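There are two complexes below, and they share chain A, which is joined by chain B in the first and by chain C in the second.
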Partner chain A sequence: MGEQSGIGNTLANLPTWLYFSLIIILMAYITLNPLGFPIPVTSLTIDCYDAIDALQPGDIILMDQGYGAGTMAFHEPGFIVVFRHAIDKGAKVVIVSTSVESPMLLQRAIDKIKPAAKGYEYGVDWVHLGYVAGGEPAYASIVEDINNLFTEDWEQTPTSALPLMQELGVPTHEKIALVYIMTAGGDVVEGWIRQSALRYDLKFITQVNEMMVPTILPYYPINCDGILNGGVGAAEYEVYSGYSGEAVKLSDMMTMGGLVVLVFLILGNIGYFMTKGGSS
Partner chain B sequence: MSQRTIRRQIPLALTFITGMIITFDWFIKWEPLQSVTKTILNFNVVMVAFMMGFAGVNLIMLHTRRIKRNMSQNKMLDVAISVMLLACLIGWSAVGIFMGRSSDTYQWLYSNFNLPLSSTAYAATLFYLASATYRVIRARSTETIILVVVSIITIMSNMPMFVTYIPALLIFKTWIANVLVKASYRAITIGVGLGGILMGVRTLLAMETGFLGAVEE
Partner chain C sequence: MADVIGLWIQAILTIMITTLAWKDTPVSKTAEHIYVGVVTANSIVMAWGNIDSIGLSKIFAGDIIYILPVILGLMAYFRYSKENFWIYRYPIALVVGIGVGTAMRGLVGSSVIDQVKDSFWSLNVPGDIGASVNNLIMLVTLVSALIYFLFTIKVARGPIATRLSTFGRYAMMASFGYSFANTIATRINQYAGRISFLVLEWLQLG
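Let's turn to the complex of A and B:
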């Protein structure tokens, strides 16, 4: 029993350096040697795909590219695959950012999407309006009259010189076929749902961090038509749509990250039960 | 005009009028009302942007005072941190203002400083997440046993590998999400919504005046 509680003590009190080192080694290994775990597709992702797939040529998508550098690793692949799908459907894209640093991250994604290669012309088929402060009142203003709020785009070109912006007109929501929000902030999604899906019955899909999904689920599927579950959702979208991207490559790392947490959760509890047994 | 009128009555009147316009606009589609609402919403955007600038000025004042105080106490590391913060704040702002937010220099600064630092900080959370999970989530009682079991199912069902080989995980996860999570979060959301309505009505009726700050009666 003493030996048992000794092992239990060891398991329950693993030194921090040990599991931190283990995490580094495992993540480095999986980065260098991807195992290619299969990726099953969930209904949340299929609903997102269907919402984009139902778009007709000329339909306008309003995207809030609201991710920062911290969550870029999984938001960017989602943004890229949805944008590519939208291009293939002939939909037009209006991009705004409700996160201060997002506009600086857009060019990276655009370099990978290459809309110009598909004949997508800036100002006619897609625009980038940049950052807007103000939270929910700003979202209300965007769906009401976007030209009144943005007088110039991110590159400081007057919106009056951009044909797509003129196409939006007043009220803007009448011209928007779909709203797609990428964010790591819970109140952002709820604000957009209230101002677009709830108020004007617009179709709405979102990509959020895995931990945020439960907070969005109450709105699904009535006010929110689909949810991309972080990096896993982006990987599922890539698999389902057939567009190859970075999310599938990152999927192994996400699996390994989860596996590490899972192993320590189980080890900690085994150790706890063994020491509890020893003391009793 | 008395101090009380300026500091209390006028802000409360403005709150009431603004709140009523925004509230009515939700229910009534009337062109003049929509026009006023649009102006108020845009004004909010300008105000928030102004507040961000104001926060920057406040940060400069705060750290200037802190540098003086720490220098007198010979806390040179704290001084260095404050100086670094001010240098970044002022330097970055100057580049944005004089060279443009979409200039190559501004983009270079972001891509080479903010991007790697921010990504690293976020990636480091895996270590803390693993550490916290290992140390905190222990099946000490019936409630925590349920928590541990649900945690294991949720973690496994978020990993594509497990879902592929154990399809039942997806059924469990869907059930947890559609029944337990939806029900509890909907209850919370409705509760928060009702609380928000109550708070809004109280604010409009000047029964909540905390947002005015400390106003002498």
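Let's turn to the complex of A and C:
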């Protein structure tokens, strides 16, 4: 019994550094030697794909590029693959940011998307308006009259000089075919749903962190037409659409990280039942 | 050259913050404080950009009405005055009022009416037994979770209601487990991006 509880104690109190070290070593190994775990595509992702695929040339997508440095690893691949798909459909893209970190991270993604190589001209086919404060009242203003809220784009060019912004008249929502929100904040999605999908019946898709999906799922499909489930969703989109990207490469690491956590959860529970849980 | 320096700064800061996995050290604290400092500085610049483009530039263009939000913004600084703290309450009251008012317009629709509407699913989906089973599970868990929160009605204390309530509790625990698993997945994904950066971009091993 004593020996048993000794092992149990060890299992129940495995050091944190061991757990993190294993994750880091395995992830680094898999980065260099991908295992090619299968990536099943869920209906949440297929619905996002269908929403983009249904766009006609000239349709306008409003994107809230609301991710920060912390969530960039999986939001950026999702943003890139959706943007590429939108370009191939000939849709125009209006990018706003409701997170302070986002605007400076956009150029990284644009360098990978290369819209100019596909003939996409800045100001005509896509614009980046930068950050706007104000939360939900700001979202309401964006869909009502975006030109009143943004008088300049991120590079401080007057929006009156940008043809795409002139195309977005008043009310702005009448010109928007799809709203696509990337964020790490649940209240952001809910606010956008209220101000765009519910109020003006706009088609609405979102990419959120995996941890936020349970919060947003009740809105699917009645208010939210599709959800990209963080990095997993981005990888699924890449597989389904055929655009190669970074999310698929990361998915093996995510799977392996998840497996390590699972193993430690099982070991911790065995330790618990061998000691405290077992005796009670 | 600037790119190389940027790459090294990113790598060093990533490693510094990773030492947190071992324990909270001055190294990890330093990286943490650098991050907070950079984000705060960036936030100030962004906020000033908004004040300039939405407020000041419009005032200077002759749209005098925009002086009102600027004055309200300045009033918020009375938060730091013990004697005139009350002045700070007015802009905050306006911000809260506008925020709640804007949200309320869609809150009932999205969070109540549409949720109720969307809970009426067919229990017999022709040709799709899986969907029928899913909808049945949805109905049972919905009703049982609602019963769990009936604290004051006698019927909710009967034997059937008690069992349903217990089932509702387990259903919610399963949902919390799903949330927890998703939280872990998010954290792993965040770090996967950093590992990929260190191995492929910094060390260039791939």
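As a working rule, the second predicted complex is superposed on the first by the 273 of 280 C-alpha atoms of A that agree within 3 Å, B and C clash if a C-alpha of one lies under 4 Å from a C-alpha of the other, contacts with A are read in each partner's own complex, and residues count from 1 in each chain.
Here is the rule we go by: a residue touches a chain if its C-beta (ideal position, glycine included) is under 8 Å from a C-beta of that chain, and two chains touch if they have at least 3 such contacts.
Note that the structure is predicted; figures quoted are calculated from it, not measured.
Asks: For A:L32, decide between first (touching chain B), second (touching chain C), both and neither.
Replies: second
Asks: Which holds for A:V93: it touches chain B only (first), chain C only (second), both, or neither?
Replies: It touches nothing on chain B or chain C.
Asks: Output check: A:R199 vs chain B and chain C. Expected answer is one of first, second, both, neither. What do you get?
Replies: A:R199: touches chain B and chain C.
Asks: Contacts for A:I52 in the overlay, against chain B (first) and chain C (second): which applies, first, second, both or neither?
Replies: In the superposed model, A:I52 contacts neither chain B nor chain C.
Asks: Please work out whether A:I110 is in contact with chain B alone, chain C alone, both, or neither, and reply first, second, both or neither.
Replies: neither
Asks: Please work out whether A:I61 is in contact with chain B alone, chain C alone, both, or neither, and reply first, second, both or neither.
Replies: neither
Asks: Quick one: classify A:S21 as touching chain B (first), chain C (second), both or neither.
Replies: Once the two structures are laid over each other on A, A:S21 reaches chain C alone.
Asks: For A:V232 in the superposed arrangement: first (chain B), second (chain C), both or neither?
Replies: Both: A:V232 reaches chain B and chain C.
Asks: Taking the superposition as given, does A:T42 touch the first partner, chain B, the second, chain C, both, or neither?
Replies: first
Asks: Need the overlap of the two footprints on chain A, from chain B and from chain C, as residue ranges.
Replies: 16, 20, 23, 27, 70-73, 101, 103-104, 130, 132-133, 135, 137, 140, 149, 199, 210, 213-214, 218, 232, 254, 257-258, 261
Asks: Applying the document's contact rule, which stretches of chain A touch chain B when the two form their complex?
Replies: 14, 16, 19-20, 23, 27, 37-40, 42-43, 68-73, 101, 103-105, 107, 130, 132-135, 137-138, 140-141, 144-145, 148-149, 154-156, 199, 210, 213-215, 217-218, 229, 232, 235-236, 251, 254-255, 257-262, 264-269, 272-273
Asks: Where on chain A is chain C touching in the complex?
Replies: Within the complex, chain A contacts chain C at residues 16-17, 20-21, 23-24, 27-28, 31-32, 70-74, 100-101, 103-104, 130-133, 135-137, 140, 149-152, 190-191, 193-195, 197-199, 209-214, 218-219, 221-223, 230-232, 246, 249-250, 253-254, 257-258, 261.
Asks: So in the complex, which bits of chain C are touching chain A?
Replies: 18, 21-23, 39, 42-43, 46-47, 49-50, 53-54, 57-58, 98-99, 102-103, 105-107, 109-111, 114-115, 117-118, 175, 178-179, 182-186, 188-196, 198-200, 205-206
Asks: Considering the complex alone, what residue numbers of chain B touch chain A?
Replies: It is residues 26, 34, 37-38, 40-42, 44-45, 47-49, 52, 100-102, 106-107, 110-111, 114-115, 117-119, 121-123, 126-127, 129-131, 133-135, 137-140, 148, 151-152, 155-156, 158-161, 163-164, 167, 170, 174, 177-178, 181-182, 185-186, 189 of chain B that touch chain A.
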